[in-house]
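Please find one structure pasted underneath; my questions will follow.
Labels for the chains are A, B and C, by order of writing; each one numbers its residues from 1.
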């Protein structure tokens, strides 16, 4: 046992400890859990409410969740821009397009649903509106800044109608219901429960979504995460998505039970929850990774073009100042977290 | 307030004899009777079916909703929490506005230079409706209390500053001149002449500012809030709970009146020589 | 007392703020989303002026807001002043009306706007009613105080000269109360104006207040700033107009 040998052994031991510690540190940094996750959400009849009320988000992310109830997607944008939110849950595609265009610093990581017919034009049956030109001189209510508003503006554009011919009124969903009952409006572009209520009160559907979707006015509810948060806590983000996936699975396998949970969380009857849920196309996590939607990691799917088109339309509407090129939107879509969950 | 201060006016008024007002107790009884009559009429109109009860909740429905909220709270908040949140925000904004506004106003009143330098900023802030830049405040200060209290401070501050400035300007030159001629230092002139003489109008400004601040607190709870009476009213409207809306309105009204009365009481206690020359 | 040139101080603070603002945006110290630079604001203002905003021209938005303010304030101030005069002159009426006026005065307008919308819809009616109810208690209290503060000597003098109660009211009480009525009016305009903006945000599709809020939805801070500046200028204009009217009508004030 000469001094040289013990020195070697000590060095080896030190090196071993150092490597081990380094490896542990690196693993720890990668698996870092955030002190808390601040989530902007809506009280609505969607599977998101299942994961929220059953605490699945908190469990999957292994951290405390702070819930901020929002009124509109625009509020989520403001919240993230102000540094007050980490996640935006079920934020509409038009606010997301605006947010990416304005460089608000978030990534699109998943979808909640493809809206399709869930948001649609409802007209007064008695008003006898059968073609676009019949809307001239009529009053249509819609919540400005929403995906419904986006579709309505798309409808006007596609049919070459101007806002001086068709009066578009900015109303929240409950104001639409009240105005409808008073006879103040002839039509409305909105989602349920408001849509269901006015349909039941002398309204009928005027279908626009097929034509508008074909023309590129696709609307969806999305999940976004603050870029800096995502980079630092990728496992938590994956956890968030897996929690949502679990809720979606529950809805697919046991819709009645799911409707019950949603009903309680949203403060509506299970029957209303069930019928509302049925209107949406909840794209499965697996399908979201296909080129049809968000695409696999690194290869943004068709939805990038949808966002780009949405942004350009918003520029025309003067809602945002300018729209960056398609590449920016493609870069803003990050399905690496989703891929981890789907496996 | 601005320049409508008329220095001599308060001194010249002799209040009309007390006979112009009914004696205190009769006044209270008559007032209460008047309110009860209105409530009865309200209940009657709804009961008779002249107005739909879900559109205009009768007093009984409002009372029921009040009890319900008292017992079970509203959407994860207790009534106490909502009242506390609203009151806290209003008082914080008002307090901050007063803390900043009174010294600045006094300074601007004493120094023509300060008035020239900062007067235009205050004057421009006054007509600015607070709600118009709530979004900007949230952007700068976040979703929490800071943006709300900043909004309320911006409501109170210009009113209090203007009033304090006008109060100082309104101090009769004669009093200042007399004090100076008696050998008082500028600090003594300020402390013993200007400040006491300014207090009445400062308090008027505080009263107006408190009312304005309280009115604005509901607006401050419009975005990014999850408690407070204003939030409760706005949230109830989303779910078409008109009875809860009415509970919120009544509570806000009572709270507003209480604050107003309280400030009036302070005014009478601390500024008791009001009205005398 | 030497007269001192004061405008340099105003210019100094104004110039300082403007310079800081321009520098901050030119040097990109602040995100234009949070604080647009002066150049951007000016071009956005021109944009609004030339192209309007979502279906209405800029003057149209401003005009609609002004119309609402004038209708609501005008009706509320007139009715309120009449009620206040009555309260000041008749103690019985004062006792009966006081609880309602005093309850309405500090009541946050936005809170009962929600109810008004339920009752009257989101058209012009609910907004004008709201502004009417906002102006009413302010004008009433001011008029009441104006009547109460009429110097006793004047009333006694008139009585001594043999004037009837009606004459006393028309020729002594009412004119003496006018300065305070106008103070109330100016206060009411300010509050009504602030309420108008709130009303347009909650229940509107046009108007300068609505424009600011709608622009804020997607964080078009440039439009928000332009709108806020315009709102401020309009407010100053309204106050100035009232002061001019007051000067013409109440020319003996201060004597």
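Heads up, the rule we're going with is that contacts are C-beta pairs under 8 Å (C-beta built on N, C-alpha and C of every residue); 3 or more make two chains touch, one makes a residue touch a chain.
All of these numbers come straight from a predicted model, not from anything done at the bench.
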Arrangement of touching chains [line / ring / star / complete / other]: complete
Which of A-C and B-C has more C-beta pairs touching across its chains: B-C
Distance between chain centroids, defined by C-alpha means - chain A, chain C (Å): 41
Centroid distance [mean C-alpha coordinates] between chain C and chain B, Å: 16
Contacts with two or more other chains, residues of chain C listed in rising order: 33, 117-118, 216-217, 219
Residues within chain A bordering two or more other chains: 78, 81, 178
Touching two or more other chains - residues of chain B: 135, 139-140, 237, 240
Residue ranges of chain C in contact with chain A within the complex: 33, 51, 53-55, 117-118, 121-123, 203-205, 210, 214, 216-220, 222-223
Parts of chain A lying in touch with chain C, wherever the complex brings them together: 72, 74, 77-78, 81, 95, 98, 102-104, 144-145, 163-164, 168-171, 175, 178-179, 182, 184, 314, 317-321
Residues of chain B defined as touching chain A within the complex: 135, 138-144, 147, 223-224, 226, 237-240
Residues of chain C touching chain B in the complex: 4, 6-10, 12-14, 33-34, 88, 91-92, 94-100, 102-112, 114-115, 117-119, 148-153, 155, 179, 182-183, 186-187, 190-191, 193-198, 201, 209, 212-213, 216-217, 219, 221, 224, 227-228, 231-232, 234-236, 238-239, 253-254
Complex interface listing, chain A residues touching chain B: 68-71, 75, 78-79, 81-85, 172, 174, 177-178, 267
